[in-house]
Amino acid sequence: MSKLCSLAEAISRYVHDGDLVYLAGFTHLIPFAAGHEIIRQGRKDLVLARATPDLIYDQMAAAGCARKIIFSYMGNPGVGSLKVLRRLLEAGRLEWEEYSHFGMITRLQAGASGLPFLPMNPTAATDLEQANPLYRRVTDPYSGREVIVVPPLQPDVAVIHVQRADARGNAHIWGIIGEQKEAAFAARRVIITAEEIVSEEVIRSDPNRTLIPEFIVDAVCHVPYCAHPSYTQGYYDRDNAFYLQWDEISETESAVQAYLNEWIFGVPDRNAYWEKLGAETHARLHVAPRLSHPVNYGAY
Amino acid sequence: MSKLCSLAEAISRYVHDGDLVYLAGFTHLIPFAAGHEIIRQGRKDLVLARATPDLIYDQMAAAGCARKIIFSYMGNPGVGSLKVLRRLLEAGRLEWEEYSHFGMITRLQAGASGLPFLPMNPTAATDLEQANPLYRRVTDPYSGREVIVVPPLQPDVAVIHVQRADARGNAHIWGIIGEQKEAAFAARRVIITAEEIVSEEVIRSDPNRTLIPEFIVDAVCHVPYCAHPSYTQGYYDRDNAFYLQWDEISETESAVQAYLNEWIFGVPDRNAYWEKLGAETHARLHVAPRLSHPVNYGAY
Amino acid sequence: MTELWTASELMTINAARLLRDGDVVFVGVGLPNLACNLARRTHAPNLYMIYEAGVIGARPNRLPLSIGDPTLVSGAAAVCSMYDIFTLYLQRGNVDVGFLGGAQIDRYGNINATVIGEYTHPRVRLPGSGGSMEIAAWANRCYIITPHQKRRFPERVDFCTSAGFLSGKGERQAAGVRGSGPQAVVTNLGILEPDENGELILTALHPGATLADARENTGWPLRTAAELKETVPPSAEELRILREELDPQGIYLK
Amino acid sequence: MTELWTASELMTINAARLLRDGDVVFVGVGLPNLACNLARRTHAPNLYMIYEAGVIGARPNRLPLSIGDPTLVSGAAAVCSMYDIFTLYLQRGNVDVGFLGGAQIDRYGNINATVIGEYTHPRVRLPGSGGSMEIAAWANRCYIITPHQKRRFPERVDFCTSAGFLSGKGERQAAGVRGSGPQAVVTNLGILEPDENGELILTALHPGATLADARENTGWPLRTAAELKETVPPSAEELRILREELDPQGIYLK
């Protein structure tokens, strides 16, 4: 059964006010287009969860979509601060819940596994544990020593960007895979955005590459360049210049609102956004091919 | 640094009397050649751990290598009993320790993760838990309900058969991946056997396919057809006829010893074993190619 | 009983009919695999087959002869590790149907696949749980296919490898497992289903089988449903698919 | 201080020299990445670089500008999930060296990367732990590269994001973490190392830097090693590799 639909339809159908939303991807494959569409559709009171909020949650918070943020590293990767989120936190205008990367990812793994908690070895750094009551301790029944545990995180909806998927939602991902699989299995609803929609035959030629199977997927959207200014391995480069530029834009509320008006509210969809970026940016982000050696599954 | 050596050298150097040994592979990629070499070298008092002992542990037990077996399904897959192991257990001549598949695999996952235990949801079937004191219970600090936990399994040595590896031990595996990765990371020493030794360039053309990285590997052995009568996806078929034949051979001690004499002690290595199988078997197990569509990593 | 079909064919066809279109099924080899493939070719074209070896959405080109047959992998939708299949798929609640089997099934649908006699001094040592302890607990629904013999249907299993309703539905509910337990046992004589207390009672007989047959071959006083049904005989099309397409060599259906 | 090299170059070169051939290093971008690549091109050709994004054995063709730069992936030995990198690699004990950084490093090597002021009412909200809480605990050895400034070296951190020696070595040992903690802090003035109680003391000065400089820029009464060494000046070859091969545009080394 095909689950193909437009990104606008998918967001409208599966992302609701007040939802706990996980836009997945560690630096790689961040579904910016989905964040922009959520902004355009004016969602409110979202709980935004991501290990690294990155620019996309800075933008969504600036647009007023967020009630709370759950994170483990609130920086502009390779640049510095996420200034919108930082201002909101320093002003007490946004709730937050904080983990280390491992704590955050362990919450997703527990959520994806259907477990009530998962353990981690102690780190001796207890300040965050004291600040966040969802960190707990459990006694190892074998040694009598303590481990740190976190509860499952099960987002209402996860958006997962992938290189290629078939129309049913079986998805191939390569390059940095971060927490894509765990977020998809943890979530109650899953939206796949894909650079390419391919035939089942392409997916089924390499089943070990499929991280997400169709039957946990609700919608499949064909969204080329979805990840810009993040990137899609093999398809286009990370726009490091824009990450630097955001550091300037996000200095002032007015520049941020001007950006939202021009680049989010001012365009109908990702196609228009990509066209607006222009030929020079397209050329700058272009990448030459470097193909994997195929493997032989055998015609059994 | 190349870790290439013969399988005989690797077994002699890294498998010692009394070791806890894990020959990995769920139905697929079972390193029969390594088991046969352990038999030829006369190792004693081994603790043999595998989710599915399969014929290889039946043979190793028959050869007197084993003191104890740790398992979760002691059958001849698709055929019936493992008659050697069954006789030994019924006669009280072999120690055993037993789990469900999930319990066994969870022990490996805990061992691979460096954790003192991992939880599983309760199953309501408590007889095995009562029979095996390594199953314990822990209270979920969030709900107050109980989970079942198992401790880590960290084998002294694991043997992992793979389709292709480079000389340093970076290994590509596809098809059924079972517990290969978990067993390798859980073990103190790792022997890789490979159908093909390839250049670094082949491995590095597809880093997402690498399940085992060089720096946890101690030895790399080039052993084509290592898995027969199990199989290697894309390289040769499973020898179902031999699985049926073993059901007959293993009826009597004398037939088993005759088999060991002819097919293990009677051949110096896997090459000779494969040649001895003969052209008809080679033809029967041959498989036509079915290649994966390559993916593009980009020349960044 | 008529000889228009074998007992294996009869059980496979009746098991296939229990599957619903869209079900995600945790499949074993042998009769459950045939039942699933038959359902896909008849009333449940969107049945989704996953295997404990970590194969998702398999489309085998030949009859798989083991749970890890390479034909399950070539052309599958996805392959994952065993840890993933038991956590992300089964424990997470993504599996609708599991098939179970064992040497003994008791009055409350508990299954023994571990040992006849004492655990520490086995009279007959069986293979053990494999995946079944968790499948029985966490799949939404479970089905059992087994020949109807007194020694296979004792009042109480020697060892509870996989939980049915324990000593009654309340006890399973109290244990807090997510799955609803065994929903039907398909035998060569008919179909047993749990009553409101989780006791297996006879709800249908196959054409030609009698209540006396069933009682004689059950190790507890077998009760029947208020309205005992007769199953619809295998159709020519069901038999044709099994014999010509799925198991032409009669490996499982003899 | 001479101007034959920048402070960044000096710190990078001295950090590189702390690495041993064969070390498995958990690398961040920026100076740690440059230090590792410099070590690989000089005395540690078998240095093995892994990244918290899940990249193993990276061989970047260009200077990576973020922890998830695609050049780290193309041509790498392996890529795995974040859960795997923190469990199978870091928690399992497969990482020899971790690099750490933060806004504050205190007398006992504890690091604050979370907040200046109160946690619930932040004066300055910093990015937070990321991977560093676990790296500081579980990597066999940790190194810190940081400019030597009084505000960066308080007596006690406002918030302990990553554990050094807490209030002394005994307390870290009692906590039972596997790693041996921070082994050196490389600054633009010299090198600090923990004494037998885990207190950071000055063990070496760079050419031209003075003890007075170091004391003035440290927020606690800085003690020195019995024998205070002077670091070997950067060699022409080390500087050439940094400037010509690794960061020709001077992105990190200005």
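In order of appearance the chains are A, B, C and D, and numbering begins at 1 in each one.
Keep in mind that, in the parts below, a residue touches a chain if its C-beta (ideal position, glycine included) is under 8 Å from a C-beta of that chain, and two chains touch if they have at least 3 such contacts.
Predicted, not measured: the structure shown is a model, and the values here were computed from it.
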Name the chain pair with more contacting C-beta pairs, choosing from A-D and A-C. A-D
Can you name the chain that lies farthest from subunit A, using the mean of each chain's Cα atoms as its centre? C
Approximately how many whole Å separate the CA-defined centres of subunit C and subunit D? 58
Centre distance in Å when subunit A and subunit D are each reduced to the mean of their C-alpha atoms: 28
Give, as an integer number of Å, the spacing between the C-alpha centres of subunit C and subunit A. 40
Taking each chain's centre as the mean position of its Cα atoms, how many Å separate subunit A from subunit B? 37
In subunit C, what residues contact two or more other chains? 55, 69-70, 73-74, 79, 91, 138, 178
Mind pulling the residue numbers of subunit B that touch at least two other chains? 114-115, 120-121, 145, 174-175, 177, 181, 208, 233, 237, 287, 290, 297-300
What graph shape do the protein chains here make by touch: line, ring, star, complete or other? other
Strictly by the criterion at the top, what is the full list of touching chain pairs? A-B, A-C, A-D, B-C, B-D
So, in the complex, the side of subunit C touching subunit B is made of residues 29-30, 52-55, 65-70, 73-74, 79-83, 86, 90-91, 110, 114, 119-125, 127-134, 136-138, 159-163, 166, 171-172, 175-178
Would you tell me which residues of subunit C are touching subunit A in their complex? 24, 46, 48, 55-57, 59, 61-62, 69-71, 73-79, 87-88, 91-94, 138, 178
Note which residues of subunit A are touching subunit C in the complex, please. 1, 112-115, 170, 181, 185, 200, 203-204, 207-208, 210-216, 297-300
Once bound in the complex, which stretches of subunit B touch subunit A? 114-121, 136-143, 145, 147, 149, 151, 163, 172, 174-175, 177, 202, 205-206, 208-209, 233-235, 237, 287-300
Which residues of subunit A touch subunit D once you look at their complex with the stated criterion? 26-28, 51-52, 71-75, 77-78, 81-82, 86, 89-90, 92, 98-103, 105-106, 108-109, 120-128, 131, 145, 174-182, 231, 233, 237-238, 240, 243, 287, 290
